[in-house]
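Shared between the two complexes below is chain A, which pairs with chain B and chain C, respectively.
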Partner chain A sequence: MNDILKDRALQIATRTGNEEVNIDCSKASLAGSVSQRACVFCGSRVVLFPIVDALHLIHGPVGCAVYTWDIRGTVSSGPELHRQSFSTDLREKHVIFGGEKKLYTTLTSLIDKHNPKAAFVYSTCIVGVIGDDVEAICRKVEKEKHIPVIPVNSAGFKGSKKDGYKAACDALAQLIGTSDEPAPEFSINILGDFNLAGELWLLEEYYRKMGVNILARITGDGRIDDIRKAHKAQLNVVQCAGSMIHLAKDMEEKYGIPFKRVSYFGVEDMSQALYEVAEFFGSSHMMEKTRELVSEELSKLLPVLEKYRERLEGKKAVIYVGGAFKAVSLIKALRLLGIQTVVVGSQTGKKEDYEIMGRLCDPGTILVDDSNPLELAKFARETGADIFIGGVKERPIAFKMGLGFCDHNHERKEALAGYVGMENFARELYASVLSPVWQFAGMKEKAL
Partner chain B sequence: MISFSNEIKNPYTELDKSIGGRFADNPATNACKLCAPLGASLVFKGIENCVPLIHGSQGCATYIRRYLISHFREPMDIASSSFAESSTIFGGAENFNAGIDNIISQYTPDVVGVCTSCLSETIGEDPGMLLGEYRSSRKDRELPAFINVATPSYSGNHMDGFNATVKAAVRCLCENGGGASCEMLNIFPGLVSPADMRYLKEILDDFGIDYMMLPDYSESLDSPTWDEYHKLPPGGTPRKRITQAASARASLQFGRVLGGNSRDSIGAGEWLEKQFKIKCLKPGMPIGIKESDIFFKTLETLSGKPMPEKYKNERGRLIDSYIDGHKYLFGKRAIIFGEEDFVVGMTALLSEIGVHPVVCGSGGESPHFADAINAVAGDAIKNFPEPPIIVNGADFESLLELALETRPDFLIGNSKGYYISRQMNLPLIRCGFPVHDRIGAQRLLHLGYRGAQQLFDAITNAVLEYNQDNSPMGYKYM
Partner chain C sequence: MLLKHTPKEIKERNALTINPAKTCQPIGAMYAALGIHGCLPHSHGSQGCCSYHRSALTRHYKEPVMAGTSSFTEGASVFGGQANLIQAINNIFTVYNPDIIAIHTTCLSETIGDDVNQIVGKAVEENKVPEGKRIMYCSTPSYIGSHVTGFSNMVEGIIREFPVSTGTKNRKINIIPGWVEPSDMREIKALAKTMGVEIIMFPDTSDVMDAPQTGTHEFYPRGGTTIAQLEAAGDAKYTLALGKYCSEAGAIALENKCGIKFKTLDLPIGISATDRFISTLSNIAGIPVPQSITDERGRLVDMITDMQQYLYCKKVALWGDPDQLIALTEFLLDLDAKPAFVVSGTPGKYFMERMEQLLGKDMGGAKVQNGSCADMFLMHQWIKNEGCDLLLGNTYGKYIARDENIPFVRMGFPIYDRVGHSYFPTVGYKGAMYMLEKILGVLMDKQDADSSEEAFELVM
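Up next, the complex of A and B:
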């Protein structure tokens, strides 16, 4: 019985000394390995989901739609159309005779009923196979209903979740540049924040204090009309670079808008994001405002963190999340709390991402790409971890092993971004690791 | 089996989506059903040392895992053959074989359960044939047992997938029957909670009946905290017991809808009856006193023993509580939704406590649904001001529409109905599957007298709480 499959060996590395870690990543998941990844469709769906005034129609049998019904804790300040799950609910007869007619009638009746600002039509696995011309139907409905109707090329098998991000970016690119409303000075677009638990609003508040205007939120609390004029911004600020870098690069090429990769998790990265934006605009007034903001926030936050650090110092953490950039921020945020990262991995990291993680981590840290439950459990056991930072699918693994857990994924209800988010993060770790319930649980081998 | 279906001639307004009823042209919005491989996976998780493999894209397995974890809060390893573009063009055999090899080398399972997805079905993959080729190319080693089942979601929902997989498990694993040569009873409980399964096992043990329950995820999907790591959680129906299914003395298969003998909804029990002449008893899902009485009577007959005192007392206390609470419930109006046989069971319970089921909705599309509702509502119907609206192929948007029209007092069903209850400020009594927004879904008990007791208390207290919260004074006594 093997814990690690031979064909996955190169996707795992242990940092030994100062040499670069070398991970063979960006490949398809191995059949039979219980990958924590989803599919192309999932990648597109999570990225576009927070656009609140669009109709999101999933073209296929019912499963893909029902599993993504209201799947993210993404919050809207207005419409909530995104929280509905629309499906063409294809049946056997459609598989045999084609689903185009069903798509057309479903799409038009939903547009009539809900009056969306635009519609996204997601292709699922079988749509390409049965030969539906989704593009043609979208063009036809667009003409009839006078709103953008955008096909998302997200058949599940056509790559990995990462390819789904790209399909979502391609869909967004079709919208951007379709409105020429001018933008005020110091305008940026926020890319790759999904407003989970209202996180984007926290950032917006910081930017507002600096004198920066947010033009388009892509996609958290997103609006179609804002996205259409996003090309008028002076800068794209990209978080969750794995999902949004395609769009940032595309906009740089088409409209000459530069971009900055940032992260809003942890004190260092959060502050750096704000400073980079201020620096970009070259306004000394803005820089002054930013310094004021950062120092005010830190003077509130650091004493609180110190209290948590006293209790968390010396604990060991496993990080396994979707995007690698988040993992990098988490390593730093944990270190600020005195917590050592002993295992770190992601579903969709790139070679460079793993190199950065490797440099940040202590010797002995295990790095892993596209892991599975057996590996994660083995690594957590072997490293004597105390806490796991992951998503819904990692939670039961952690709990069964007697580890504390912090949900850093779609279902989180507390903001983890920004300065407030860092405090919430620390509190959540503290609340889980130091809960008295662990006195009754945990593995024997850990106790040894 | 007692059936009223021919005595009352359809006094109901049936709004059947599948046959062109009122909602037929509504686009599917917030579906009240899941996909077939989810049902299959759930059954596989209820077989001892079994790893499910979904033959298709990676996303199917991951979405299903996530969905099930949010309900059971347990590890949920489900493998995928992880189709790539090339598998879709040239066939998935290579990934299929690699997938099984990798499962075996990681988990050393007793059973690998293979189900298909929309994609593998559409491109014409035949897992039976793939398994045959796999076996013959690996004759040099000992292999686990295999179960294979076709579960394309375009021709059935999660309940169809569930039932097909129970049947497939029996078909693939049972050895040629000696026709009632052993004392064992097959019991096919359907989609019930781990707590329900534990209770059923307790009842069968107390009657001294030897049984094989399939599936049995009472431990595997509700396991105690671990003191050592398990690659696969302990529990589940042992493979060896399933091999004896065709020699059992009888089968007990829950569900009036499943047992409705339609062309495509024949259950494992009926299949064994057809193939091996194993007698199949088909009580409804035992929810409420009347349906539980039928179940207990069946056990008395099978065991030749009277109902143990313990259950007589449970029944007695249940009736006593029905009386204590009856005034708060009489004439209340409820909307029930979920899987067909679950809705039928709930209708039976509500009908015997004076609650008027105004809408009975299911995402399923069985032609037997209305008849089954008919049968369990029985005489209670005479007291209803209007017949229940029965919706086949329901989605939550059509249920919302009906809720706004019928103005019920509460909703009863899975947690996905929460948005309706929030919009209308109505209590939602969470039960069935899935319950994603509360803890303890595994421990919800629905079946038998004890299950009816829990449900009755939950329903009555939900009504009381609502009344109290909305009263001007906030009283201290009921």
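Up next, the complex of A and C:
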């Protein structure tokens, strides 16, 4: 079997010395590639999904709704409406005669039943082709039902997951600025945290201790009313920049709200995020509080990490995740545990992201954009990796190869953000890499 | 209260599907194709479809699932997907080197009118298909039928491509097992082997979707029906199609192509259906049922007699795919339990007819519905109104189980939150015993948990 698609060669680089890494990314996957990427709809759906008091209606055949039914472990402190799966379940006759009527009936009856604060209507591939005027239906229902009804332009074929993020941001932009309630001093919006395993609540606690008010959570544990007044915040703090940078830029342009790109993964990045916010507000009191917070958290965390580090030192890791910014944080977090990153890649990274990764990694590290199982398995084998950090599709591959695994995606079961998250991350790696099961694994190779 | 939105009052719905009890065709086609050795499934559509199907299958089987995609773009959706598919075929044979590519369509490629037959012809013409390599395909528009239909369509695709009638019969018996687990396919093979009946089974996902940990990731695991076996299927003396929805269309296609007679049976789940399967197999092969199988049946019957008091009149809610539901309903009736609510998102008249045969006139008082508004929302409403003792179905029942505090046995597709289904069969007498053990386990756990201290019993 040939290991690499020839036309993909430029999407892979090995860092040799100190030169800049140059990766040919942001291009469509080759047809026939067993890509780990998804589509526009998927991108929009994962971003908007955590808005818990909105109705999420998927306009199309039933599959797209089923595969996204409650698949993100994004938790709510209140309503659970987002966990229901609503579909127009288009059938052959709708494909021929159009699905507008069915969309209208479905949408209005769902709004009557659930009284949501707003509704998102996602277009799927087929809607993009049969030409339903989703926008017009949304306007009509919005007038009749007096809640925002927002079309999400997410036909799957219109690009990759990244374009779906953009469509989600466009949808959010329609909501923001529609409520004029004033905001208290030191108000920020959190962009790009999805409250997986309650991570956002950890951050809230940190910000609360600093004296920072969180106005809108976009979108983890998100509420429509908060998002509508998000333009009253003084600062946007953006994590998962891949998905949310469009919205941050849009809000900067429209409302003059500056933004900061941060990451909450790993000790360094977490602390830096808090310091940057404190610095932004220019309050020495807040800075003092932040220092106290960071030093208190570190004094608890570092001794614990040291224990894990003793056992993990010298292990090698493969990182393959959706967004590149996360990969950058992971390289640093792993280094803190004495683990060397030997392969790092993402589904949707940009050129600049790969340059940053290149600078962070040791010589010999392989960088890869839009990879596939065959390549990943080959790289892991060749580099002698011990650990794989990825998502649902990578997990069984890692386990079959006898590597430890940590899910840093939707299916994480424990918070990985913040200081507590760093401890959880270390424990998960420790438990998986040093599991006694590996002594029984691969018996055939060990010629039992 | 995760499902606090479910109201008790049941209103007529005609547009709305809430919490569906089905999914779309392509995933069924992908699963069927994985049961062919050295085969790479290929999704002719946008990238997301393929990614979702792979993720869903991986969540259910906890196994790597390999499949290619045509990676549709805006251009492809306007000008057609021919260029993408031809490039995909070329790339797949060059890089992943499968023996077979199994192409299925999606709602997008169907709606824009791509003709896969013609495109594959063109790929062959342009020498994109290396010597000895094969392509099979089927049409799987997501807006018709359900995932079950997709499975059936791929089985037909297999038959269009492989079986050949050489004129000399090989005395083997074809078995189309339907959409069952690798454990079930393994059990069907084991039963046939015990009987001494030579079979060709397709698809066969055992040793593919339950592959052992070996220290390497096998892109093409060692299981799956081989091309040689599939070709020989054309000379078999008979075909048994297990499950009308998943397997009959394939058996008909094979009869038309190679003149092989067939019989459609219910999935051999539970005692009656397994009896029919074993006796049919024995009759066709002309081989008597061996004592060991009779003994296994005897142990099952013994187990039921021992525990009958815990099963009598237990009201059961079940949902999922029609072939499974039909067989399970009969099994529950044999156990003296009461199938009370049955929901299948997969459309089709036969389901209702067969259920009426089993349950009696007017479904014997049970509520049974299939098709587009037969969803988990309706199921929950029924349960809210009338209650039941046991839930039997896929993982999506866990919300109801939690909210209503009803014992729940997972069965069918998908199961995202428990293991075991890949390893322990539900077919055959042994499968019935596994299932019975699980059902009794949850019912008796509930009794233990709920009973007052004086009624709490050590011996049950």
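Going forward, the second predicted complex is superposed on the first by the 441 of 448 C-alpha atoms of A that agree within 3 Å, B and C clash if a C-alpha of one lies under 4 Å from a C-alpha of the other, contacts with A are read in each partner's own complex, and residues count from 1 in each chain.
Note that in this section a residue touches a chain if its C-beta (ideal position, glycine included) is under 8 Å from a C-beta of that chain, and two chains touch if they have at least 3 such contacts.
Fair warning: this is a prediction, and the values are worked out from it, not measured in the lab.
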item: Fit-or-clash call for chain B and chain C when the two complexes are aligned on chain A; value: clash
item: Partner chain(s) touched by A:Gly159 [first = chain B, second = chain C, both, neither]; value: both
item: Partner chain(s) touched by A:Leu81 [first = chain B, second = chain C, both, neither]; value: second
item: Chain B versus chain C as contact partner of A:Leu302, first or second or both or neither; value: neither
item: First, second, both or neither for A:Ile147, with chain B first and chain C second; value: neither
item: Which superposed partner A:Ile356 touches (first chain B, second chain C, both, neither); value: neither
item: Chain B versus chain C as contact partner of A:Ala173, first or second or both or neither; value: neither
item: On chain A, the residue positions that both chain B and chain C contact, one per complex; value: 1-3, 5, 28-42, 60-69, 84-92, 94-95, 105-106, 109-110, 124-126, 129-130, 156-160, 373-374, 377, 392-393, 395-397, 399-402, 441-445
item: Residues of chain B that touch chain A when the two form their complex; value: 25-31, 33-35, 37-38, 53, 56-67, 69-70, 73-85, 87-88, 95-96, 98-103, 105-108, 117-119, 122-123, 152-155, 157, 223, 225-229, 231, 397, 416
item: Touch list for chain A against partner chain B, complex; value: 1-3, 5, 7, 28-42, 60-69, 84-92, 94-95, 105-106, 109-110, 124-126, 129-130, 156-160, 372-374, 377, 381, 392-393, 395-397, 399-402, 440-445
item: Contact set on chain C toward chain A in their complex; value: 2, 4-5, 7, 13-20, 22-27, 40, 42, 45-56, 58-59, 62-74, 76-77, 84-85, 87-92, 94-97, 106-108, 111-112, 141-144, 146, 211, 213-219, 345, 372, 396
item: Complex interface listing, chain A residues touching chain C; value: 1-6, 28-42, 60-69, 80-81, 83-92, 94-95, 102, 105-106, 109-110, 113-114, 124-126, 128-130, 156-161, 373-374, 377, 392-393, 395-397, 399-402, 441-445
